[in-house]
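You will see subunit A twice below: alongside subunit B first, and alongside subunit C after that.
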Partner chain A sequence: MRDSSPLRRLLAATLLAAPLLAGTALAAPRTDIVVGMQLEPPTLDPTSGAAAAIDEVVYANVFEGLTRFGPDGEVLPALAESWEPAPDNLSWVFHLRPGVKWHDGTAFTAEDVVFSFDRAMAPDSTNAQKQLFKGINEVTAIDDVTVEIGLDEPKGLFLSNLAWGDAVIVSPASIDTDKTQPVGTGPFKFSKWVQGDRIELVRNPDYWGEPAKLERATFKFISDPTAAYAAMMSGDIDAFPVFPAPENLAQFQADSRFQVIVGSTEGETILAMNNKRPPFDDIRVREAIGHAIDRKAIIDGAMFGYGTPIGSHFAPHNAAYEDLTGLSGHDPEKAKALLAEAGVTGLKPTLVLPPPTYARRGGEIVASQLRAVGIEPQIVNVEWAQWLEQVFKNHDFDMTIISHTEPMDIEIYARPDYYFGYDDPVMRALIRGLDFTSKDEERNELLRAAQERVATHFVNTFLFQLAKTGVADARLRGLWPNSPTQATDLTAVYWAE
Partner chain B sequence: MGRASAIVGVVLVTLVAAAALLSFVWTPYDVSALDIAAKLQPPSAGHWLGTDHFGRDVFSMLLVGARVSIAVALVAVGIGMGLGIPLGLAAAARPGTLLDETIMRGNDLVFAFPSLLIAIMITAILGPSALNAILAIGIFNIPVFARVTRGAALALWRRDFILSARLAGKGKARISVEHILPNLANLLVVQATIQFSLGILAEAGLSYVGLGAQPPTPSWGRMLAESQTMIAFAPWLALFPGLAIVLTVLGLNLLGDGLRDMLDPRLRRRVRT
Partner chain C sequence: MLRYVLTRTASLVASLVVASLVIFLVLEVVPGDPASFMLGMNAQPETVAALRSELGLDAGALQRYATWVGGVLSGDFGTSYAYRTPVSGMILDRVQVSLPLALLSLALSTAIAFPIGLWAAARRGTPTDTGIMAATQVGVALPNFWFAMLLVLLFAVRLRWLPAGGFPGWADPVAAVKALLLPALALALPQAAILSRVMRSALVDTMSEDFIRTARAKGLTRWQVLTRHALRNALIPVLTIIGLQFSFLLAGAIIIENVFFLPGLGRLVFQAISQRDLIVVKSVVLLLVVAVVLVNYVVDLAYLAVDPRLRRP
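Moving on, here comes the complex of A and B:
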């Protein structure tokens, strides 16, 4: 058939003209961004929910705390300009930034800080990280811009605790609606939430600091990796800070329209074992499993090479890190010998796998490696809600694969009622010691001892440090390469010419 | 024409069945052993259909996957026939009675639910596994067979030879088994073939969304799901399981058509004249 109908010609003309129109529109740098995320936050109040997706939208964009994490995990001033501890380290005075306004126009004062802390520390508090506030006995407003926080005993990680998304300051005037219409002090204001699709933020013109370069930011939720790939390729999305399919990164790398941003996260990915349940209460069984696992095969096979092997529950980019991977090197023969010594045969443990790629794919590889030493894991794929209920809350599992993405979280090994059930007085003493030490060298010494303790007890099998694999339009600048906390800080993001 | 397509159907179905049987005794590679170093190889002499993202041999996985697909569909059709046919016969033997109404309205109830949704619900409650996939698919086969059986049996009950059997003093149950059922066999075999192909599709659908056979057991649907993000650089991963599903379903449908042409006396007569 010849290309002759008028309709067709019109269509062809339009198609030809479209790139020209787009070209003129793109001449000036854009001032908006569409950010892709795999999971939609269930609410938008970071002080009453555990979901990482909440912080990934609002942390540093909408809500701020007294202190905050910088791009590399350093603790920076935020709503508090400066602070000084009392000589006995038992109370801290915070000097708040004057003239800060909430997004609803009301003034930010020391009373808001007192309110936020009292709310987080209340007996009926729904804060997901209550341990951050443990040991705080009183928060008092000295004047409008000065707050004093009293402690029961010195806390080494105090300033860093205050930087968490769970410790941001909220306004008493808007607390009832923060879950759906958050009102913060940050460089972006909440604008609209189309549930199941996107959240829109607009620039806050009255921001106390340097205003954001972008005028508008949209977070779009795409759970399916194939759809995420298509949305990036078609330009519907400008940046996907945590791209869910590592196998596609090579294609983005080969395409000059995109940049692939690979950085570190705080995610220690572990094969966790139920230390309270036989036979995993036997250290020889746990050690055998450690030797049965080949970390490199898991990183290559599940993550397409993105990830760093770890030998303990600690991030390699931290100054106190010690490489303990040698303790549980890949040695199937030794694993078999240890299992025989422990008298364990015909083990068929459940291996519960949450949805992320690292767990589902990693789980299949782990299962195959365990089969090689005579253990027959039963894979149970679960959704997040079920994982939280069954594994995290009810401890009903033998093994699971999970990435612990909170910063400096080796202290979970000092909680006997934590889901993997490791109960060790020495470990508890080590972690407690951290609270009384603020000198870096002494702290690092304790942290090294703690790493060695959990590694030599083979509490879990430590697989790898999750890499942050982001994809973005090649012209975007200012995105965080690393993920020191769960955040998508857009304050400094802009489009290059 | 009808015969030619039936032959193609027989050949395709035989091939798939042979592949499934072969997988019990031999596969080129062990499908539960991963070889990460050999991942994502395109088809070659060593791996006829290439390897997947874990370095498993795709051909071997297809063979074992055939076994899973066939087993699930076969047992599901078995459940449907085993329960559906007696229910249909019973309803037809006493039309219009409370028994008939109860059975047929129960049928309508099951029919009224979107089958895949219920299958997802069943596997969500009982946990994903090949066994629960069988159960979910099987339940939806029951009303199909009950309805087909009742419809055809009702017509038969009015025939003279049934009347004479009744005059001879045979009970309704006995007539149903001795005279009605044999005369329905043709129809039921054709229906079973159709349900079998639907069962293969349903199994692929359930395992595609992760509710079928669980890893490490390979299944065609999950192979498709896992290969999605790799289509651009490893198209063989999606192509071959996709082809396997298409050819199996095509083969079964052609076989079903052919069987109907051969077994249905009215159609046969029409073809000849």
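Moving on, here comes the complex of A and C:
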């Protein structure tokens, strides 16, 4: 072997050391994150649009309300640190956190709260969840840190309503530019939006609460499931909280570089029927369809096993949940008998399917299960905008598959004009009763009665609770497993060593 | 020659007027209301009405057409329903991705196709020619998105040389070109396959013309004849195809933009359609029509440069 010169030795040492140096650089925990999302938010103002993607970027990160949802759906204090109702429950006093600053440096005061509520309730308001504010008659600032909200009548879900993304507090100084440059009070400040590509947030150093652990967060928009898979695999994306391709989850699970995070959502996925249109106005027909459906086959076939069967319009993780799946167990013979009893033959209903996987893949399985009992569904694939117009607004459908993602939304069965057309005075009384009860036990009693009512009337066929399936780098900690509201709360997220 | 230019110009203007009308009318009858889409399932009817009036959707069809065309002529494309930002700004942002992508893939496909076409034509009838033609047949048949996925799996997931997608912006030109490299290649290869086949057959056709035989009789080699005489005459069909391809690359990159999640025009229009952001759809589609018509116009004029017969008065 040739004698190695000092230069040669130096070179060799450098080459050997290089990976080690790189190794130490990598060992320091990162302080940034790139989060993948399938849809880009159209605007960033959660008080003037229904798109879930808005809340998925800004809820709890940029904007905060008087109250907020915690990781499991519990209602927690946010900009209000405490509150008390009047003895008659007709007004509430909220004590705001002192010393809170907007991201533009101005002080947050009770006047901002008054402004936000007045704006949401105004006749020309474009708040997508205006019903949250129904029954509020006046919002007054008592002093800089105290607000009183007056109600026409007691509202059982009042505090939870205030926790929605649509009820966050906005600043009058920046409201005109919030759609593209949001100014909030949260732990992250808006930094940059490259439309079609990404949104960047930076840590708010002046946050009133525990500051965020990450310095920077980037949300990247990847609609194509295959592209999402490649972006995760190549390390371009650190976390995809709602991963669009359940078929790839097993592969991520087997790879030690990743963690698969499975949790619950508020999405009751249902096979909705037009209760006003024959023959679906006949309870026997609706019950027959309930028995024709095999929930497990749909969950396995369309959702790769992710999802929990439900027997009514209610989330299984809720304390008031009652398992009513037995009422409409899979029984094709019973389904056929019920159809015969109702005198229905040669039924060819339309089955309108919006774009999500649960509807398109689930719809194929539902159709084949219905064919087994002699019903020939006609599948009509539609886009979202078309679904909203045709099914939701004009009620021009026989059946559809849809996931209702709002929390605690069993009250839709008390709206006679709602798209599936269920009109029942008993149900309306039950839901109305909720507004007059604030004790948990009594409320749960009413909620159980409501679940039983819609289940025994077979209003719709209740399929499954949508699961939240996310993929993240194995070293990431603090991501929410569940989705009590559409949010990607990054406050507590950090990189493990 | 003047007459040729004038008729081409007149047909350019007529195409644009008809296109604007057709685009507007088609979008009028598309079901789905932007305001309902934006406000979702829980919106109160009065909220939807308030938003519709805020967006100017409650005006009559004729009035909206006039406002739109008038605006476009003065460079104002209106404000996006969904994003609430000026459409012209959005288009400008997206063109910065789509145009370089189209140009890069056009350059790549031409750079690949010309030598291959020439080579195959020069070796006409030999196993080399057959081999090249078989390979291009495969290239034509390959869907570009599938090829794109293979590229991503190899260069991004396995080798990690290039990003799997996204676009960092032109502030860092090296990163920007790196981001466009795989999508441009995915778009270019099937185009190059088509182009080289056209190139070869145009050359082969030209090679059987009388003037080629004359040139050969003068003592020029086959290769000299090919590059000096045949190439120029074969350029007309090749130019036509390049023109068509450029329009396709500009407008037809939707799928590739989705695979590589690039913020380009195709994805903008795709998103806008599903969100019923019709003002964006209208303006982008019109712009693409303008681009396609203009490219064809330029190709028509380019014939003048390569074909002296058209220059006669």
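The working rule: the second predicted complex is superposed on the first by the 472 of 497 C-alpha atoms of A that agree within 3 Å, B and C clash if a C-alpha of one lies under 4 Å from a C-alpha of the other, contacts with A are read in each partner's own complex, and residues count from 1 in each chain.
Definition applied: contacts are C-beta pairs under 8 Å (C-beta built on N, C-alpha and C of every residue); 3 or more make two chains touch, one makes a residue touch a chain.
For clarity, every value in this text was computed on a predicted model and none was experimentally measured.
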item	value
Overlay on subunit A: subunit C relative to subunit B, clash or fit	fit
Cα-centre angle that subunit B and subunit C span when viewed from subunit A, reported as a multiple of 10 degrees	30
Which of subunit B and subunit C A:348 touches, first, second, both or neither	neither
Partner chain(s) touched by A:390 [first = subunit B, second = subunit C, both, neither]	second
Which of subunit B and subunit C A:250 touches, first, second, both or neither	first
Subunit B versus subunit C as contact partner of A:432, first or second or both or neither	neither
Touched partner set for A:477, first subunit B, second subunit C, both or neither	neither
Touching partner for A:364 - first (subunit B), second (subunit C), both, neither	first
Residue contacts with subunit A in the superposition, subunit B compared against subunit C	C
First (subunit B), second (subunit C), both or neither touched by A:300	first
First (subunit B), second (subunit C), both or neither touched by A:226	both
Closest approach of subunit C to subunit B (Cα atoms, Å)	6
Shared subunit A surface residues [contacts with subunit B and with subunit C]	226
Sites on subunit C touched by subunit A in the complex	31-34, 36-44, 46-47, 50-51, 54, 82-85, 90, 93-94, 149, 152-153, 156-157, 160, 163-167, 169, 258-264, 267-268, 271, 273-277
In the complex, subunit A residues that touch subunit B	225-226, 229, 245, 247-248, 250-251, 297, 300-301, 361, 363-365, 367-369, 371, 379-381
Residues of subunit B touching subunit A in the complex	32-34, 36-37, 39, 53-55, 127-128, 210, 214-216, 228-230, 232-233
Contact set on subunit A toward subunit C in their complex	40, 42-43, 49-51, 123-131, 179-180, 194-198, 220-224, 226-227, 230-231, 233-236, 355, 383-386, 388-390, 392-393, 404, 406
